[in-house]
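Here is the structure we will look at.
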Amino acid sequence: MNNKWMHQLMKSSPVTIPSLLMEHYASIGINEKEMMLLLHIRHFAQEGEPFPTPDGLSGRMSANISETANLLRDLVRKGMLEIRENQDQHGRISESYSLDPLYEKLLTHVENEQYEAKEQSGREDEG
Amino acid sequence: MNNKWMHQLMKSSPVTIPSLLMEHYASIGINEKEMMLLLHIRHFAQEGEPFPTPDGLSGRMSANISETANLLRDLVRKGMLEIRENQDQHGRISESYSLDPLYEKLLTHVENEQYEAKEQSGREDEG
Amino acid sequence: MNNKWMHQLMKSSPVTIPSLLMEHYASIGINEKEMMLLLHIRHFAQEGEPFPTPDGLSGRMSANISETANLLRDLVRKGMLEIRENQDQHGRISESYSLDPLYEKLLTHVENEQYEAKEQSGREDEG
Amino acid sequence: MNNKWMHQLMKSSPVTIPSLLMEHYASIGINEKEMMLLLHIRHFAQEGEPFPTPDGLSGRMSANISETANLLRDLVRKGMLEIRENQDQHGRISESYSLDPLYEKLLTHVENEQYEAKEQSGREDEG
């Protein structure tokens, strides 16, 4: 094991997962395979590839290309993932994945939970 | 959504995954469900709980308690996860999970890959 | 350079800084030396030492012990850092640093900035 | 405080600092102001700006533009920071900062320290 790997390890930003997401993804209907796929998308974006192919994603997962393509389609259908079209200054169009809908769903979920907790504690105080 | 959640989000350290791990876990025989379980263990340790129960882990996953217990057992059997006994200064014994075997396996894999790449390029140069 | 360091690098969680903090610490009156000191406190807490000594902190900084002690005192006085007393189940008291006041100040600042931006754009619309 | 900020906080990757760097930057002759400047450069790169101006950097620091420009110059002179020229497929040239020399220096330092520790313990065993 040489310097090259150490260097690589130091240089490359780790993928980070907000703890709120770790704690609540299952409650908003995401399973572990989908969660890891979303993390791979976040990772590719960090590396400068905002629209990785099913092929590229599958190469880092224990899922073949067609299974990966299906997972992507399902995440889009469930409203957790979005495909965006971007236009640069030369008018060239490119696509990218956005995890914004996921974060929205997560925040709504957390808000509701908090609201229900308050309601609940209000009712208990009255009783 | 109020300040309380913002505060929480700022305060709590995200879970971090070294990119080397993201890129190679599948190659060393870990699937996505197992990977997420290992990340939950890392997360619990960050929160000061080095030996979370299958119950606690399952509460954050899309897996029930007995499935989670099985996943833990398999990871230990495959040599990716270790249970350690620790003794504090008062002689009290506690247990904790260690991901050290996982990191060892990962580094060995990466080393071999690098070695093989060199061998390969050496052979091509000769041919 | 051997496996041991690679292992260490993989295992040890990096210190993370929320981007909101990176972008606004200077606006709430924190300079770079203070910011790094706060990050060292966060780092020590991650390593299981919630109340590092000026000596321990200074050992990782380009500041001697007495300068470090002064920086700590100033941060407490400015309301960015708090010392908390904790009592465990055996009644033993221990102290820890809390960065909560820092996060509060940051959120208040960001809220105000947002409010002023709205006010400003409102006034421009009217004019 | 509204959803918008929560969303932002969740979405934006935090800046991460390898613990090895936190523990040894002072030993390789970097002070806190320089360290924060390097972190800002890392942050800008994450945001897609690999060559931020002294103006842009200074806007997030407690240092004015000319002080920031001096800090950058010193870091380059001390061999901690490098300016690279990159050419895209259309032949356009752009510049970017690279922290590679910093990581090299850090790894060399850590290696030496380890070597000296071994030497030392060897000598003690003999004595």
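For reference, chains read A, B, C and D in written order, and residue numbers begin at 1 within each chain.
Please note the rule applied: contacts are C-beta pairs under 8 Å (C-beta built on N, C-alpha and C of every residue); 3 or more make two chains touch, one makes a residue touch a chain.
Because the structure is predicted, anything quoted here is derived from the model rather than measured.
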Any chain in contact with chain A as well as chain D: B, C
Between A-C and B-C, flag the pair that has more C-beta pairs in contact. B-C
Euclidean distance of C-alpha centroids - chain C vs chain D, Å: 19
Whole-angstrom distance, CA centroid of chain B to CA centroid of chain C, is 27
What residues in chain A touch two or more of the other chains? 1, 3, 5-6, 9-10, 13-14, 16, 18, 20, 107
Using the contact definition from the top, classify how the chains connect: line, ring, star, complete or other. complete
Residue ranges of chain D touching chain C (in the complex, touch as defined): 1, 5, 8-9, 12-20, 22-23, 26, 30-33, 35-37, 39-40, 43, 60-63, 107, 110-111, 114
Could you list, by residue number, the parts of chain D that touch chain B in their complex? 1-3, 5-6, 9-10, 14, 16
Per the touch rule, the chain D residues reaching chain A in their complex are 3, 6-7, 9-11, 13-14, 16, 18, 20-21, 42, 46, 99-100, 103-104, 106-107
